[in-house]
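Quick one: the structure is below, questions incoming.
Chains: A, B, C, D and E, in written order; residue numbering restarts at 1 for each.
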Amino acid sequence: MTIVELITVIFLVVGCFFFLAGTLGVLRFPDLFSRLHALTKADNLGLGFIAAGMALHIASPWAALKILLIWLFTLLASSSTCYLIAHFQKEQDQLKNRKEGE
Amino acid sequence: MTHLPTSSFPALLVGLPILLATLSLFFGSKGRAVVGLAGSLLTTALSLIAIAEVTRRGTVIHILGGWDPPLGILLRIDPLAAVFIGMLALVGVFISLYAWWYFRVREADTGGLPQFWPLWLFLWAGMNGLFLSNDLFNLFVTLEVVGISAVALAVLSGKTTALTAGLRYLLAAITGSMAYLFGVALIYGSTGTLDISLLGQVLEPGATTTFALLVITLGLMIKMAGFPFHFWLPPAHSAALAPVSALLSALVVKGAFYILLRLWMEVFGVSLTYAAGQLIGVAGAVAVIWGSWQAFMQTSLKLIVAHSSVAQLGYLLMVFPLLILAPGVTTDSADWLSPAWTAGIYQVISHAFAKASFFLSAGIIIMALGHDRIESLRNLVGNMRITAMAIGLAGVSLIGLPPSGGFMAKWMLLKGIFLSGQWWWAPVVLTGSLLTAGYVFMLLRLAFAPAREMDTFRPVPKSLEVVALLLAIGSFLIVFPADFLIQFLESSAVFGSGIEPIMEGGEYGNN
Amino acid sequence: METYQIYSLTSAVLFVIGIGGVFITRHFIKKIIATMIMGGGVFLSFVSFAERDALTFADPVPHALVITGIVVAVASAAFALALARRIYQQTGDISFSNDK
Amino acid sequence: MSLIIDGLLAILAIYLALQSLLAPRLTQSVFLFFAFGLALALAWIRLAAVDVAITEAAIAAGFLGVLFLDALRDFAPRIPAKNEAVQKQYSKSQTKSLFLPRLTLWAGLGLFLLIALEAVWKIPEGGGLTAAAGTLLPESGVENPVTAVLLNFRAYDTWLEMGVILIGLLAVFAAGGKMAYRKPGVASQDPLLRQVILFFTPVLFLFGAFLLYIGKTGPGGAFQAGVLWGAIGILLHLGGWPFIALMPRWLGQLLLTVGLGFFLVLGFLFMAAGGALFEYPPAYAGILILIIETLAAISIAAALSAIFALLNQIGEEADEIESTT
Amino acid sequence: METTSILPLLILVSSLIPGILILLLKEEQVGLRTFLNLFGAVAKVSLIAWVFAGYLRGEEYTFFFSLALDLTFSLRVDQLGLFFAALSAVLWLVTTLYAIGYLEGGMHRRRFFAFFSLCVTASTGIALSGNVLTFFIFYEFLTLSTYPLVVHRGTDKAVEAGRTYLWYTIGGGTILFLGVVGLFVLAGPIYFGQTEIIASLISDYPTQLTILFFLLLTGLAVKAAIFPLHGWLPVSMVAPAPVSALLHAVAVVKAGAFGIVRLVYDVYGVGVAEKMNYLNVLAAFAAFTIIYGSVRALFQDDFKKRLAFSTVSQLSYIALGVAIPGVLTSTGAIVHLVHQGIMKITMFFAAGNVAETYGYKNISQLNGIGRRMPLTMGAFTIAAFGMIGLPPVAGFISKWYLGLGAVEAGSYWVVLVLLASSALNAAYFLPIVYRAWFYEPEYEVSRLRQSGRLEAQALLLIPVVVTGLLSLAAGVFAASAGSPLSIAREIAEKLYMLL
């Protein structure tokens, strides 16, 4: 096993760990906001590690670039979706509170 | 099959209506109607020329893309396909004419429903493609073209009943397609070909083939509303607009029957048993009795006609037990094959004409009265004699009284039944006829009865009535070219063929 | 057992789940999902046979058929969805009433 | 090892399929169906069907998933009272329904499953058409065998399938009753969403074009590209630029029909020249296929985004009706 | 096969085309309609006369049209068929005149005359059909074209009657259909006169052929109103008088009786039918129907109903004559086909005249009617005497031959049936005659009719007088050449010569 392979394995294991943690968070956290938190943060990190591991594994600069792009796009998409969901929930909550206030 | 003469008609028969449908999308409501009607006339003319070509040259083919099967797709018009295409063209052109005037009258309150024409042309192209196709997967695609456009047409009115019935219809259609496709997958997996002619040579009996036969039959039975999968048909056909009901009932369900007939006779011969034929015959027999009885019990005209479709399709299924020979009987010694095939073909054609006429007449009555409860048919004869006559003639053809096309079908069916010695089907045919007579004459009795409440008949364009009457007359005229038609069909390989089951029994069929 | 057999057996299971689901479930959306599951099963069987018949590349014909099939299935599902939503919008019904 | 992975994947797919039908809440069903689609996509990869995997992910899981999600707006949370009442009604009628018919039903399904399993287990080796496709691949003008089958060997199926998409759109129109293209009122106010959409539009376009072009040699092609471009339309619609509704009618219709129409007209032209329908001279086949694919992708994209827009509108109408009552 | 001739088809077309054209006319185009109708009727009679003359010269007239496989539409002229066709055509001409007068100013006359023509087409078609299939086609066609006439008045009662009529005839038609198809399958397309086919098959398929015979017989017996299938006939008397007259005295019921004649003589052959004991069953049913019909007639007060039950009874004479083998009984049966037609149509015309002129529908109202309508009631009286079997009216001839034949065949019970029936006939017809001539009128004549004319109008009167005289003439000149009797005798002799 070369050093590159070792690093790859480590990256992949760490990535999987973050994914696992994120999933656990989704399942265990009480409300939407904290669940989102777990999902986006941990998963993005996990994906990042896995992407890095794979990039090392493939060892072709073009492929590595593609993998990097995939990670970036996922990052962008998940963070904006997270923002939108949270925003929507906040509006709904405010609406609810207002109604209850009346 | 690739040695047969080629012709570009098969490609045109599918391509032209789709081209026109696409073209019509660029127009507004009025323009679409013009393009649609012109397209119908053109397609009819093309179909008739194509049929003339087939009578002259025999079966013609078109190898799409120049790639021979099994890799490519082959379209062919053999006499059987030509007869179905001809039926589609003749009935279709009348329905188009009817629709032209129908939507002009309804323009005021619906804006003419601009989706009708493109969808109808797509449906037509799909049906043509279905009749022409010689490829199992291509048949699936055409089935979907037909299925989606048929449901879309059925929900055009936008009424809740139509939408609900349409969804039921659509789900049934998708389920049927998927079941069919599963069978196709298994067949492809076990033979590596999709071409029907090749499959007829290479398909081996076995558990896989039997199961493929089962799911394909199941899927097509759902699509053609064979008992016990008839539940979707009456609501869907009765809730649609009149021209749509007519074309759904007269034409669309025949597509699945056509595929079923072709596949049973040309592909699955190796896997069919005598019992399979009897089983599907029982399904047909129950449909005949049940459908007729249900029709008899209805109180609205369109529901009567729709339930009657279930029964009339049952007669089609009753042809199958005659085509699958008992052990020990060979095709040459079975002299009932020709009558049985004739019965099937005539049932298809005469039902197409008669049912189209019936639904179009129902549409006229709804237009005149605003509803179709049958008590309001009182004194129809006095108010709309042409429509009354159309209903009468179409009804007579459905009952199977001479000299209608329906009579020809029932005569040949009974003859086949007696010749084959399967006499147990005869009471079903007769009971079905009597029940049909029951509901047809229930309508006629009301039509002659004196008006009770003051139901005012609004004036309806004469042209609509005349179209319906012409279709009804058509269901009688089709008897006259019978000799020619049968001779023509006999030049097709499949017509008059029977299946000699290789062996009996097995776990659930031939193993 | 070979790879393709795992998937072809799965395809049969999915097909049966789908066909059962179409008849047993009541909600419109679930019925539509059931038809799509049926479709998934069918496509899986096609592709599993393609893998079995692979030479230098897998049999491309089933792949092409499945791509066509998926698109067709999605088109019908979209239409079904439109109908279901219209019915719900007009009546508030989410399933067929029991009278047939 | 690989058998275990495949087995796990298979079990996962079956579990997700069952759960998506059995889940008590509709939202769960829809999300599980999403997951089912992704599991299938993985299965395609395992079966070396990358083209199918992309299509599955893009259309079946992606596009259809979006439609289902949009439908959830109607069905899932809005009027819980009514839904509950209906649910109650169900449970009532379920307890009422007899034991015996249900037993027969399950037994029948079980039997059917057994027969089905036997059928796929005992399937003979048909050999497929791999060899035939391989031999003729050089004449097809493309290098990806799947594209060769789709756009050349079985171009007729593909052409009809594009017809099906168009018919699907017309059908959704028909289901919408008298509703025509309607311009949605308010654009989304959220600045972030708009920026993200604006950012993604060219990216998606580029990626679509890439898939389209790469389809000649590797996995990719008109359908996958069409869906990505269609996603642009969907995003723009959601972001408040309903470009389908805003563009002139004729242009919209042209976009919708150009793929199908060009495909056919080209076919007719070559047929008039003496060939068969969809028969291309091998020398030009590659370029012709690329043109056809491009136009097809445009039409598919237009049709998919129009379907989404129409379905979305049905939901909006429902909202309006609700808010007025 | 023989060369085809268009003439038999022309005979059909001569009423078919006017029928269709009339349907297309407007209600107000009375003149054109009447012209078409009369033109058709005259053309038909002349064509039949022409064909008859040709036939006597020994020419063959056949027409073929192959529909499909072995389904052949065939028209053929033979003596029996011509005999029946001539009866229909002549009586159509007469009835058309009558109907023009009867329906003057009525509703839906276009429909009436159109379907009337179609009915006659059907009954001539039955007469001229050359094979079983063609016979069946026209048989069903007759059912359908009669229906609008039965419900012509459009009242609820008429519509109900129409329903009963249809259930009986469609049911019978279905059974007949089964029989016809079965016969086709066993014996191929049977042309009338080819009795040798069945004769050669009977030893191989005795059970099947017996079942088929009784299926066919049942189907035909419905229209021939043989007990217990007679129920539709009295009910459908709600139809207008010309309909009752032509259709329920001649066209429809005779189609059934004619069919039985064909079935026994030209399909199965007397030999087979006798050997297999079919005829005994038929004879039993016929004899019972004769008595049953007469008894029921006795208790009817409604004039037309009494006539209807009398028809039920009289029709079975034909069946009975067929069922007793022998030249004499056959002659009696065939000649009764004509004689009963002429006499019964006279009676229906008379009943129609009374109803139309005075509005009387019941027998109890007929006191002294003969004094006011001497010609009508005179004709009626002649016909009634004929029905009873008094010489020299036509009915006597038929009964005489039937009785003579029965004695010759050794079936003495038939004579008893005939006598009993005659007594019953007398019991229900003579009171009418007596009441009409010898009772005092109950009402002031002037109050009943303002026009001052006592007898029915000319168009109604001429037909009844003509048919009355015809029924007398058929009896008086029975022995001369060309009379119904001589033709019937010729037919019967030919039938038995073939054996």
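To be clear about the criterion, contacts are C-beta pairs under 8 Å (C-beta built on N, C-alpha and C of every residue); 3 or more make two chains touch, one makes a residue touch a chain.
All values reported here derive from a predicted model rather than from experimental measurement.
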{"item": "Minimal step count in the chain contact network, subunit A to subunit B", "value": "2"}
{"item": "Partner chains that subunit D and subunit E have in common", "value": "B"}
{"item": "Which two chains share the largest set of C-beta contact pairs", "value": "C-D"}
{"item": "Closest chain to global C-alpha mean, per-chain Cα centroids", "value": "B"}
{"item": "Centroid-based (C-alpha) most distant chain relative to subunit E", "value": "A"}
{"item": "Rounded Å distance between subunit A and subunit C, as computed from the means of their C-alpha atoms", "value": "31"}
{"item": "Subunit B and subunit C, separation of their C-alpha mean positions in angstrom", "value": "26"}
{"item": "Averaged-CA centre spacing for the pair subunit E and subunit B, given as whole angstrom", "value": "43"}
{"item": "Chain centre separation in whole Å, for subunit D relative to subunit C (CA means)", "value": "12"}
{"item": "Junction residues of subunit C, two or more chains touched", "value": "8, 11, 15, 18-19, 45, 49, 52-53, 61-62, 65, 68, 72-73, 75-77, 79, 83-84, 86"}
{"item": "Of all residues in subunit A, the ones touching two or more other chains", "value": "none"}
{"item": "Pairs of chains in contact (touch as defined earlier), listed by label", "value": "A-D, B-C, B-D, B-E, C-D"}
{"item": "Interface residues, subunit C side, partner subunit D - complex", "value": "1, 3-21, 23-27, 29-30, 33-34, 36-37, 40, 43-45, 47-68, 70-79, 81-86, 88-89, 92, 94-95, 98"}
{"item": "Touch list for subunit A against partner subunit D, complex", "value": "73, 76-77, 80, 83-84, 87"}
{"item": "Complex contact set, residues of subunit C against subunit B", "value": "8, 11, 15, 18-19, 22, 28, 31-32, 35, 38-39, 41-42, 45-46, 49, 52-53, 61-62, 65, 68-69, 72-73, 75-77, 79-80, 83-84, 86-87, 90-91, 93, 96, 100"}
{"item": "Subunit B - residues contacting subunit C, complex", "value": "71, 137, 140-141, 144, 147-148, 151-152, 155, 158, 160, 163-164, 166-168, 170-171, 173-175, 177-179, 181-182, 185-186, 188-189, 192, 194, 231"}
{"item": "Subunit B - residues contacting subunit D, complex", "value": "6, 8, 11, 14-15, 18-19, 22, 25-26, 62-67, 70-73, 110-111, 115, 118-119, 122, 125-126, 129, 137-138, 141-142, 144-145, 148-149, 151-153, 155-156, 158, 163, 166, 186, 188-193, 204, 206-208, 210-212, 214, 508"}
